[in-house]
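Each chain carries a letter (A, B, C and D) given by its place in the written order, and its residues are counted from 1.
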Amino acid sequence: MVTKEQILQWLQQFASAIAQNKEYLTQLDAAIGDADHGINMDRGFQKVANQLSNFAAQDISSILKSVSMTLISSVGGASGPLYGSFFLRASTAVIGKQELSNEDMVSLLQAGLDGVLQRGKAQLSDKTMIDALSPAVTTFTQIIREGKTTTEAIQQATVAAEQGMKATIPMVAKKGRASYLGDRSINRQDPGATSVYLMIQSLSEVLVESLVTSD
Amino acid sequence: MKKLINRPEDFVRESLIGMAKAHPDLLKVQFEPTFVYRAVAPVPGKVAIVSGGGSGHEPMHAGFVGLGMLDAACPGEVFTSPTPDQMLAAAKQVDGGGGILYIVKNYSGDVMNFEMATELAHAEDLRVLSILIDDDVAVKDSLYTQGRRGVGTTILAEKICGAAAEQGYDLQQIADLCRRVNLHGRSMGVALTSCTVPAKGTPTFELGANEIEMGIGIHGEPGCERMSIKSADEITEILATSIFEDVAYSRTVREWDENKGGFVDVQLTDPEWEKGDRLLAFVNGMGGTPLAELYIIYRKLAELCEQQGWQIVRNLIGSHITSLDMQGCSITLLKLDDEMIRLWDAPVKTASWRWGI
Amino acid sequence: MKKLINRPEDFVRESLIGMAKAHPDLLKVQFEPTFVYRAVAPVPGKVAIVSGGGSGHEPMHAGFVGLGMLDAACPGEVFTSPTPDQMLAAAKQVDGGGGILYIVKNYSGDVMNFEMATELAHAEDLRVLSILIDDDVAVKDSLYTQGRRGVGTTILAEKICGAAAEQGYDLQQIADLCRRVNLHGRSMGVALTSCTVPAKGTPTFELGANEIEMGIGIHGEPGCERMSIKSADEITEILATSIFEDVAYSRTVREWDENKGGFVDVQLTDPEWEKGDRLLAFVNGMGGTPLAELYIIYRKLAELCEQQGWQIVRNLIGSHITSLDMQGCSITLLKLDDEMIRLWDAPVKTASWRWGI
Amino acid sequence: MVTKEQILQWLQQFASAIAQNKEYLTQLDAAIGDADHGINMDRGFQKVANQLSNFAAQDISSILKSVSMTLISSVGGASGPLYGSFFLRASTAVIGKQELSNEDMVSLLQAGLDGVLQRGKAQLSDKTMIDALSPAVTTFTQIIREGKTTTEAIQQATVAAEQGMKATIPMVAKKGRASYLGDRSINRQDPGATSVYLMIQSLSEVLVESLVTSD
């Protein structure tokens, strides 16, 4: 079971990862975009981090929804609606829950992915956050379906997200600002895919660490 | 980075406070969520024109709020689309009962945020249509991609639609007019230097002392080709030729369908231009380029248009859609018809444009 | 040096050709000698307002030729005073029988060339008066020196005198009005970067990455103090305080005496300002500074004026007197009276300013 | 006697000196002015040089007047009216002459100096061209009055001009653009004084050289 505290820790951890990688994400965006992905994400997740203690009394679905609303109203750009949609749809998949089973976790991630797909209309290999998010969610689902533990699943999903992120390097961008570059977008890693990797990795760190402590 | 700013995070806010202090007769500024609206809005019965986008392109859009142009503008952070709550609050503030047109530049961020805002507005029973501007010929193919960016044609559409709203056109008419302006407008830009985003503090891209970046957008995003520095005449020729030679551009855009109550895909194609067509020629500075240089560009552009058999009947020369402190320029050509000319000439009174009143 | 130009020696000429092509309804351009004049000039019976100076300050002056402002502008080479033959030819072209006022910025070159032109004009029986603008408080003492430079107040005087001419004021009245505007206007500027003169090709002065130059003029000439970079609020405070604290400035200027038929020395002193006075606040960009930053400056300036008990009743924010591509700004405060306000508000229609028509 | 040919050679020689020192004069002006003195002077004297063959048929006074008119209508700035006044007044001092006696030369230079003084209203030590021109003219006059030759007088005048030019270095500017700098104008050589030195030096070169050839 994933607890509400772990979800809160995840969000906290992701916010820290974004803060630490703010310059790096912005630098990636400077190369093929407009040099603000780290700044955008950090603006939103600092706000999320500051509000987490207020959210603590709510159930997991409500927490995710509050996160979504904060992101939608403070990030802007492409990543605002996309991350906003991720958390909004994720929240609708776990309504009323105070803790999450493996199946709940699958639903949460799948719904989040669907939200991003519907909002952004990107496909795999368009060189977007989908290229990290989709393999991560697929892998997580598959490992859970194989009867493995949450931690195993999220660790594999992190590997898949990282591979997906790196796989964006040789791609030609089809969506987002990088698409204006055409072939000149080749040989650059997509900033959105990179922040998605940080999100999955943060979840993994939280789940694995609590495993260690609860052992 | 040397800029006339205080903390980078206060850049947008403080600039807007300055606008509010300077132009209380024209506009009001609201924070959380942030939007700028016409001092007298809502104007009963009039269709309200609302636009918005990242900041750093001043005077666009807040400088165009006022009589005969925008009812509201939603400024995002620098180069970052504003958020749906800004757009929704602006729509509510200026709705005079005639409905609201969102004029949206085709960037994934702007498109997605305005789509969310449109959905939210309809959920609150506001009547909102939205039209995309995608006029940048530097972006070549559209199939399966984000398509072209919205640049110079945006503010021409805002002026023409603003005048139409003032004259009592209804929402559907203005949406159709806005789409028509977009299909008839084509732009391309060049950068001599990169801009520097205040929050980043260093130039977005590096250009050598003898390099220019052709086909840039308005966010410091790299262009389609890097080349060695050229004369103003050569640069004008490259930009103008790209526009002249642009063939009928096709794309699928999403527009709100009032009957279906949701977004639908619409297939649109730019009409070809014909010799003898009347044009509005707009030479735009990117923010760090002196006006005198823009007139040097205009001089050559006018020459080239004459040679091509196009007639410039209106023009606009100045820094109206900027990219912070970037040096460079863009050219926009808009094929005009009688109705557009009449609406272009109609009175406008905003912080940045004023004529006829 | 990266600029949108062809050969540096063609910079002024090609820019003027661009203006002529862009605004045939407003102005005409003449070469050898070079001047820009109002399309409908001479206007019979009206006093003609003529100004001029080095180029590189666009839109000043050619951008202000038209209804309600200048009848002619004489552009010199970049940062170089125009020559007497230009000024004489312009005066002859626009003389509608009401006489001609030369509005001259106080630089030795401009002063001497306009003096020669005035002498030549009188030798040809034209009725010419000329008024000096010297409003730059960065220049401290005036005794035995060139005295203060003419900067921001120049174009405010051009607007106010242009409106007066349109309304039928006679030559002496307009000269008196122009002198009064000058005595009531005070300016000061700052540079974040140097400009680059096209013919020279390298920056006029070097500023470190964290240095600014306080008290600069509009020709890239060094200022009165070099300091480390400061926030917009601190910079505004330094500029505004220098203006606020400026005490009654006295100088001797040479004006044409119609009775004597020659130049005479005239002693002039700025009147002191008093709490409650009404001001026009003008925040000017130097050419490479984005509009958004000027509003940040205006925000603080408005705050400071309020604190001082001065009332800003009119404002102007934009890049109107530039120094090529220089980054920086200047502040001009003009103490207004009812007559000046009425004339400021009167219609103007030029390439750069247009209101009321 | 100074011949018309020597006057024409002088103007030619001065134009070349300006062309050679264009950057140097501009650089001096960048430090305490607006970086155009070399450009201004060169614009005017290239025009003069191109027209010299047309002027050749005129008498010396008319030549000097034509030079003045060309400078006045093509140099602009401060140096245009000042050099224009120099040659205009110089021309009125030698009306109708086809060659110049020592006394004519004194009159020419004195009148030129008066023209610059009247136009510019500068005094000695204001850090302007007067600081080179005035000592040069005074010295020339004095040496002639002492009964020495033209060449001796012009050579001494050149030394005086050079000293005058160098003497501008420690001065605080009172006239011209450099005056805005106040004390910051100290330790810079005045560009106008420098171009005046070149003018006197050019005259000296022409007179001394023809002496050598005619010997």
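The working rule: a residue touches a chain if its C-beta (ideal position, glycine included) is under 8 Å from a C-beta of that chain, and two chains touch if they have at least 3 such contacts.
Just so we're clear, the structure is a prediction, and the values are computed from it rather than from any experiment.
Visitor: For subunit D, which other chain has the most distant CA centre?
Guide: Greatest centre separation from subunit D goes to chain A.
Visitor: Subunit B to subunit C: how many Å between their CA centres?
Guide: Chain centroid spacing, subunit B to subunit C, equals 32 Å.
Visitor: So, what's the distance in Å between the C-alpha centres of subunit C and subunit A?
Guide: Between these chains, centre-to-centre, one finds 56 Å.
Visitor: Would you give the residues of subunit A that are in contact with at least 2 other chains, written as numbers and ranges?
Guide: In subunit A, nothing touches at least two other chains.
Visitor: Work through the pairs of chains, note which ones touch, and then classify the graph as line, ring, star, complete or other.
Guide: Basically the chains just string along in a line.
Visitor: Mind giving me all the chain pairs that touch?
Guide: A-B, B-C, C-D
Visitor: Under the stated contact criterion, what part of subunit B meets subunit C in this complex?
Guide: Within the complex, subunit B contacts subunit C at residues 2-6, 11-12, 14-19, 21-22, 55-56, 58-59, 63, 192-193, 209-210, 212, 229, 231-233, 235, 287-299, 302, 315, 317, 319, 322, 324-325, 327-329, 354-357.
Visitor: Give the list of subunit C residues in touch with subunit D in this complex.
Guide: 33, 54, 76-85, 107-109, 112-113, 115-116, 138-141, 144-146, 149, 197, 199-200, 204-205, 217, 219-222, 224
Visitor: Along subunit D, where are the residues that touch subunit C in the complex?
Guide: Touch residues, subunit D against subunit C: 26, 30-36, 39-40, 43, 72-82, 84, 119-120, 123, 126, 173-177, 179-182, 184.
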